[in-house]
Amino acid sequence: MTIWAATDWYAFFFLLFALLACGFAAAVLFTSNIVRMAFYLTLSLGATAGLFFLAGAEFVGVMQLMIYVGGTLVLLVFGVMLTARAPFLSLRPRSGEWIVSLIAGGTLLFLLIASAFGVRNWRTASDSGPLPLAEAQTATAVGAGLTGVRVDRLNRDAAGHALSQLPHTDSGYLLPFVIVSVHLLVVLVGAAYLARAKVRRRSATESTASVEG
Amino acid sequence: MVRERFPDQVRYASCVEHVIESAAVAEFLVHTLSLPAPLAYLLAALIHCGFILGLVAAGAVVFIWAERKVSGRIQDRLGPTRTGGKFGWLQSPADGIKVLAKEDLIPRAADRLLFRAAPYVSFSSSFTAYLALPFADGWVAFDTNVAVFFILAVLGLEVFGVILAGYASGSKWSLFGAMREAAQVVSYEVPLGICVVIPVLLTGTMNLTTIANMQAGWCSNWLIFHDPFTFAVFWIYATCALASVNRAPFDLAEAESELVAGFMTEYSGMRWSLFFMAEYSSMLLVSCLAVILFFGGWHGPIPVFDWLGWAYPGGASSWQLTGFLANLAGCVNFITKAVIGVTVMLWIRWTLPRLRIDQVMTMCLKYCVPLAAICFIGALWWQVAGWWSPNHWLPLRPDGPGGMRETWVVAPEAACGEVARRLPWADSAPPHGAARRTLPGCGLAGPPAGWRTGSPAAARGGVQ
Amino acid sequence: MCGLLAQITVSHYLVVGAVLFVTGVLCMATKRNALGVLMGIELLLNGANVNFVAFGSKLLRADALGLDGQLIPLFVIVLAAAEAAVALAIALNFYNNHTTVDVDKAEELKG
Amino acid sequence: MSIINDPRVVEFNIRTDEMLINMGPQHPSTHGVLRLVLRTDGEVVLGAAPHIGYLHRCAEKIGENLAPRQWVPYTDRMDYLASMNMNLGWALVVEKLLQLEVPEKGRHLRVLVAELNRIASHLVAMGTYGLDLGSFTPFLYAFREREKILDLFEQVCGARLTYSYIVPGGVTGDLPQGWLQNCAQFLQELEPVVDDYHALLTSNAIFIKRTAGVGVLPGEMAVNYGCTGPVLRGSGIDQDLRRDGEPWYTSLYDGYQFAVIVQKEGHYPQDHDYPAVPAEAVLGDCWHRFYVRMLEVVQSMDIVRQALDKYAAAAGDCGTPIKLNHKLPPGEAYLETEAPKGQMGFYLVTDGSAIPWRVRARSSCFANVSVTSELCRGCLLADVPAIVGSLDIVLGEIDR
Amino acid sequence: MDTSLLPILLGIAVLLPLISFFVILAVGRWWRPVLGGYLATAAIMAAGLLSLTSLAIWLSHHPVGAAGHHAADQAGPYVGDYYVLGQFGALRITIGYYIDSLTIVMCCLITLIATCIHVYALGYMHEELHPVTDHEVTLPDGSPLRRPGRFSNFFQYMSLFCFSMLGLVLAGNVAMVFVFWELVGICSYFLIGFYVERKSASNAANKAFIVNRIGDFGMLVGMMALWGGMGTFAFGDADLNGNGSIERSERGLFSLVRPAAREHQLTTPEGLVLADAHEELQRWALAHPTATRGDFESYVAGELDDLRDGGPDGSGRRYGYWLLVLAGIGIFCGCVGKSAQFPLHVWLPDAMEGPTPVSALVHSATMVAAGVYLVGRFYPVFAPEVLLVIAVTGGITLFLAATIALTATDIKRVLAYSTVSQLGYMMLALGVGGWLAGMLHLVTHAFFKSLLFLCSGSVIHALHSNEMTVMGGLRKKMPITAATMLVGCLAITGLSIPFVIGLSGYYSKDMILEQAFSFARENPGLLGDGFFIVAAGGAAMTAFYMFRLWFLTFAGEPRDAQRYAHAHESPRVMYVPLIILAVFAAGVAWPAPFGWPSLQGLLEQARPAGTAVTAVSAHVPFVWPSEYIAHDAANYWSIVVPVTWLAFLMAVAGLLVAVAMYVTGQLSAREVSRQFAPLHRFLLHKWWFDELYDLLFVRPLYVVAGWCAAIDRRWIDGLIDHSARWTARLAAWSQWLGDHTLIDGFVDRLAAWTYRVGVSLRSLQTGSLRQYVLFLVIGVVAVFLISSFL
């Protein structure tokens, strides 16, 4: 019973997801089979989505699952299938490169972790008490933000001053949203163009000779 | 209650509840059995999982049996008759035992790790999606605000297992199946997503409970009858759902006459049956989703329980027997509708020939996507124009879903009417738009009743 | 739980982000397969996203970024998808021209 | 229309490796033990080579050691879906050698069972074709009706698959009592079911999409490859041995009214009763081959009806089978008959003894399957079963 | 139906082929080509219906008396403008119409024949529906040319031509006439060059075009003279300002030249007079320095008649008259070109390179007749001296072409020369004062010549050869063609039962001969008699060569068995037009019974005012007897009877000679040609005209061009070369100094330095993606460390 009572469930799940994410990220790094890499990456990204849920960013978490895991990775695996010549292809780097990379990467990691704990504000917990619901459920706020209304700023202003003080020019993330939409469209068209089928140059009959062989 | 007992963890409570959304059961455990809260949470989570797993497994068992019987009837024969006495009702368990007893073969050319992992990826993703699926008002394991999105996303992961299976099998037939599956499912997610967005747009929330509750009342309140476009889009949804769960005539990945068994060629025994269960549970899942999005969820064609006054009113916060019964009946109602949907899938499966891969892709890219997009615009237009829809007819409440306005319009209004009026579409509010309501989980319009406001959430639970 | 994990703070998230980031960088640096490099980029972007979400979460910090912390990852994710599509197209073209996806073979532009 | 024969076509720029795939001899859709070696580029089949011989049983060699009467069961096992027609072909060629005329009643009896068996064979072709396209139900519908035919045959000769009923000189026994009524009733039952078949397959949109314009076999190519039967007629070549064959064979059908099922001026003889030819269909494609078989079912029903009447009206016996030691005059004989799958020819050389010196069977499916590699070139993988299924081959006949 | 409908109906009739042209032009390439043919045919058919409707309207308002009635029931023309293109001072450029019975007859004629020919061409041109292998064109690799069929192009051009021709007929002013004149010219160019890949065809097209330009130059001069003198292009008077009366500025050419005030006598227009008399006027102005403008105008008004008519007694100089003559000759020049009159006749036979329907429509029935039509239209403007020129030209052409036709063996060339000869007839008739005779012959000739051409086309279509030497005996194989062609031959020959009935040629040709005889009677002498002798002799020759053609083609034994074996009657689409045309060729000029309108009567309505009287010239000693004299009952025995018999005998003589030579064989053609070898050669080489022109014009042109080229090369080029050389030298010097030494030195130094830096940096650029990533990492770490610890 005491064990159950003492368990910090938040920390538990954070640790679980963090270890999954980091562990499978490391697995991605150290495996040389490209398909397994993709598999591990899926798990790593899925665990990251869990971290997002933990941090209260539901929408981002689902988005991560949907786009990253569901879309991007399938695309990657597709690419793997299209480009792998042998069934399970592995291209191993030279060990010297490993050493140099690990040294550089380790240094960077050390620096980043050091700075992560270097700021007092970051390593102390918030003590603001339970959150109001409006701030915990963010999907609608995110949607509103994307369509041009920053609900969070409104709320903040609502506590003190008149709402009309909100600058009329504030359109939230509407413009970036539109730009990204168009960008996505252009990119899709461009990708389709790059990998499109082109006008045939050789005849189909030319290459049918070797069936018997 | 949680917060009082564990004040030091209050800060995290809401987050925890996201992860283990088992408050209803947990409250029961804590209050009645006096279990410590963390243990109660864990137990509650396991109970929920058990329920869903049971549902999925039982569903698979039932549907496999049903498939045999239905196909038999369609084909002018009897189907299983003897196993388990009458009707062959034990046929599926018998099959299950046979499958369990089979040798677990792994081809030499296979990538052993991925080959083993793939069925679990597939099964667990289709299973996980049930977490966010409400079976009745409040009967949901993970009452998230983004349930629709969550289900779509997790359902989309199922394809990953199939791809892995196909690739890891080391067989050409499997590879073909995997390639087809990847191309098909990724493509069909696009029109499926557009179709699903339309009810979301009309109700203004991605919370499935809310969406279903908004369709309470007569069947005229169902969203499929909202306007011609939603009516049309349901059929597109049905097509795309059929395609995205790989059922005939879109079962290209396992087309036995071409690819032997597609990605499942090298599988046998339990691993094979996991794929099978994943397929059946996905079928049920998309049917359930369709029922919630278009057919009023657990709200029947006739609002019996509303007449009786048994249904939980909005904002109710305590457990009531009548409400429980209403929910139970609603759950049965809901599952009945979903089973009808699955039966239609079976019917189609045994009637139509299979399409070819290019025709499948043509269907998606040339027909489903544009049609869904047109319906999207049409439904939006209908809503903004505020034209009459059957949803306004015989409304149980004055503000049926037809009168809803999108939350992403309503919410800013609630917060700041002045700013919202700057929005270009603010002036074209439909007649019912004025009546703002607070519904559970409806974004910022108001906090959902009994949820994180200090009142016992267990009151809405189903287990007591 | 040990003391370091007594309370989960922004820093803990940042550590996860850092690990993902560094792993991504190392993936890019060590993988010879173009698609492996792509996966490294995805990891790297995810590390950055973790940081954004952590800074944006009001659960972790009072003076959080707020919604920006969620909106920016959204854009990152979407753009990463776009980038993956283009990169994949490039990789396929590269494969067409070299019959391999070994990025070490792509050194026509070396000095 | 296969993709790489599409004039707009395009080279798929993604350099994929070509893949060699063995479709068969163990595969759910290859109709027996046909082995197709497919060379594919993704879903596109660049080449297909049929490999045969997995069912070779030396039937012809055995025939050189048996009396003609004894070899009849071996013909059963050639096209085992149409054993009556095989029996008939062999019996006729032996009779031709002996110049042995069968009595009038026997003649009508032969027509009766041969056409019934044609119906059965085409029903199997239809059902399995549905299977090939992923539609399971028509298969069982077809087999349900076929079972009734097999029941009729069982009443006639006691066997359900390998009848050995028609033998040189006559048949093994006359029809049992009441058989004619049973047969007439069966025809009555079959009549409405044919419409069901058309509704399920012929006019089904997906079926048309899968078959129309797929595996187009031009008439010229069909002739060049020696294709026969519905495959040939599906390509618009007006050839049916029941009308165009040798007199020794066509005299069997003297007095019978039937029209050869072939498209002339855009129409089939009976297509006004059945779904119209879809716009996408090209003469010689899978759809047409299928449709020809479906119409031949109706045609055969009609012939069976006529045969029932004629048989009932004819007097006398059905002929006497020749004895095992019946001396065969030295010489040779060759006769082709219109079997359900095409022209089945038997060749016989004798040296005066009771046992033939040489026996040879000319298989229609052998010629029909040889177009596979032409038809499959450039189609999609899913079209391969559609094409092979539409050729309706039986490996027992090919390999013998 | 009101006559106000006429311009509308005819305007639509003109536009229909244009619409067809544009439609085929725009969408023809996406159509099945045969649709273009159908469209063009439908358009011209509709135009024909409209024309016939117009004719009916006309007749209902202007009933024609019995045949040959001279009661000058002249029906005034309908004049007006569809659209004013622009007004430049006094000059109005308009799209106008001038409708009289001639216009309507011409419209009917053109549309009728064109309809027949369009239908015919649907069959004749069917080879063009598919890709054509042209064996007459050999590619450099020795293979015959293969080209896509040009069926719809053909009909496109035909439509354009029909539009142009109808427009020409309907045109209400000289400017429009000129525009359509050139349009028909360009259509002719297109159609002659239809088989453009054949060298001969493209040469012929060029030839036709260039030769016509020579004539058109004269026409431009004439036009300018007319405009300069009268300030208007319009033919007829038009009440422009709507005040009900015709003022000076509203007068057209015809009423200016033949003002009603002077009883339609030929009057030199005021403008021409004043232009010619400017010296006198100047002198008067100098003598009266104080005169006002009013004074001057009153002086001019007073003096005008004297200046014009050479003083009160007519003995002085007649100012402006020579300008009028010049204008007339100028206009006639254009007609000479278009109607292939001597000396510009050389293009027409070559134009037979075009497809036969083109020859029938453009080069026999309509376009070449346009010259005659124009002469007829401008008849009131022509001074007697001009008429003399016309008569002489026509006579020479008649004789010349007829003689050449005697020996030609190409069936189409025979017909072509026959056409030239018949056009000469018409010109001769007009020149000797027979306006009606000329116009009538124009109409009848159009019918029978188009018929003859189509028949020949039918033969060519059957035999795939133009040469009569490979024909013969075809009447058995092609009975309809033979019969219709016989009708055509009889018609052109003018055979008849004298005084009872005859084919159309009988009436028109006799009328010409009568007028020529009448002229000869008034003007005894070489020229006057010469005209008549030429005309009568021409009739004999016409009979000879036409029957020679028919006999060689249809009678006797086949000369080429192989071709004969493959010969066949043409399809119905081709022979039905033949039959229709044959009916018209036989009967169009019949004096109609029961008081029905006859063609002569109809045409008589359009006779220009003032041309029905006997005319005399002040400058040449000739008298142009009125056309009515020949038909006057008083002269019946003295003119009509002898001339009719003479014509008949001449025709019969020609026919008998042909029979003797080619049927019965009493006369051997080969013998004859050998006996008259030099003459035969002379005729066979077409009087050496092509060679003569080559010598006279082409060679000298080459020489002059050579001189010009030499000057160009030696002087002009030399100058430029020298200046260029100097410029180059200067540039070289400045290059050495400025560029090489100063600028390049600096840049080279810089580049070398950059290069060295680049080489040293090059080793960093490994091209390995992964190393770059590492560099990035190391860089980030370094920045981190530096910023943290420094």
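All chains are identified by letter, namely A, B, C, D and E, in their written order; residue positions are counted from 1 within each chain.
We take it that a residue touches a chain if its C-beta (ideal position, glycine included) is under 8 Å from a C-beta of that chain, and two chains touch if they have at least 3 such contacts.
Bear in mind that the values here come from a model prediction, so they are computed numbers and not experimental data.
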item	value
Top chain pair, ranked by how many C-beta pairs fall in contact	A-C
Of all other chains, the one whose Cα centre sits farthest from subunit D	E
Far-end chain from subunit B, centres as C-alpha averages	E
Subunit A and subunit E: spacing of chain centres that average the CA atoms, whole Å	83
Chain centre separation (subunit B, subunit D; CA means) in Å	50
Subunit A, residues touching no fewer than two other chains	8, 10, 55-56, 59, 63, 71, 75, 78, 80, 82, 85, 93, 97, 101, 104-105, 108, 125-127, 131, 136, 141, 151, 195
Shared interface positions of subunit E, touching two or more other chains	770, 774, 777
Shared interface positions of subunit D, touching two or more other chains	13-14
Of all residues in subunit A, those that touch subunit B in their complex	1, 4-5, 7-10, 13, 33, 35-36, 39, 42, 46, 50, 53-56, 58-59, 62-63, 65-66, 69-71, 73-75, 77-78, 80-81, 87-88, 125-127, 129-131, 133-134, 136-137, 139-141, 143-144, 147-149, 151, 154-155, 158, 163-164, 166, 168
Subunit A-facing residues of subunit E, complex	770, 774, 777-778, 780-781, 784-785
Complex contacts: residues of subunit C adjacent to subunit A	1, 5-16, 18-27, 29-36, 38-40, 42-43, 46, 49-50, 53-54, 56-63, 66-67, 69-71, 73-75, 77-86, 88-93, 95, 99-102
For the subunit B and subunit D complex, residues of the former touching the latter	71, 74-77, 172-173, 176, 179-180, 248-249, 251-252, 255-260, 350-359
Touching residues (chain side subunit B, partner subunit A) in the complex	3, 9-16, 18-20, 36, 38-39, 41-42, 109, 111, 113-114, 117, 121, 144-146, 149-150, 152-154, 156-157, 159-160, 163-164, 167-168, 170, 175, 178-179, 182-183, 185-186, 189, 205-206, 407-408, 411-412, 415-416, 418-420, 422-423, 443-444, 447, 451-453
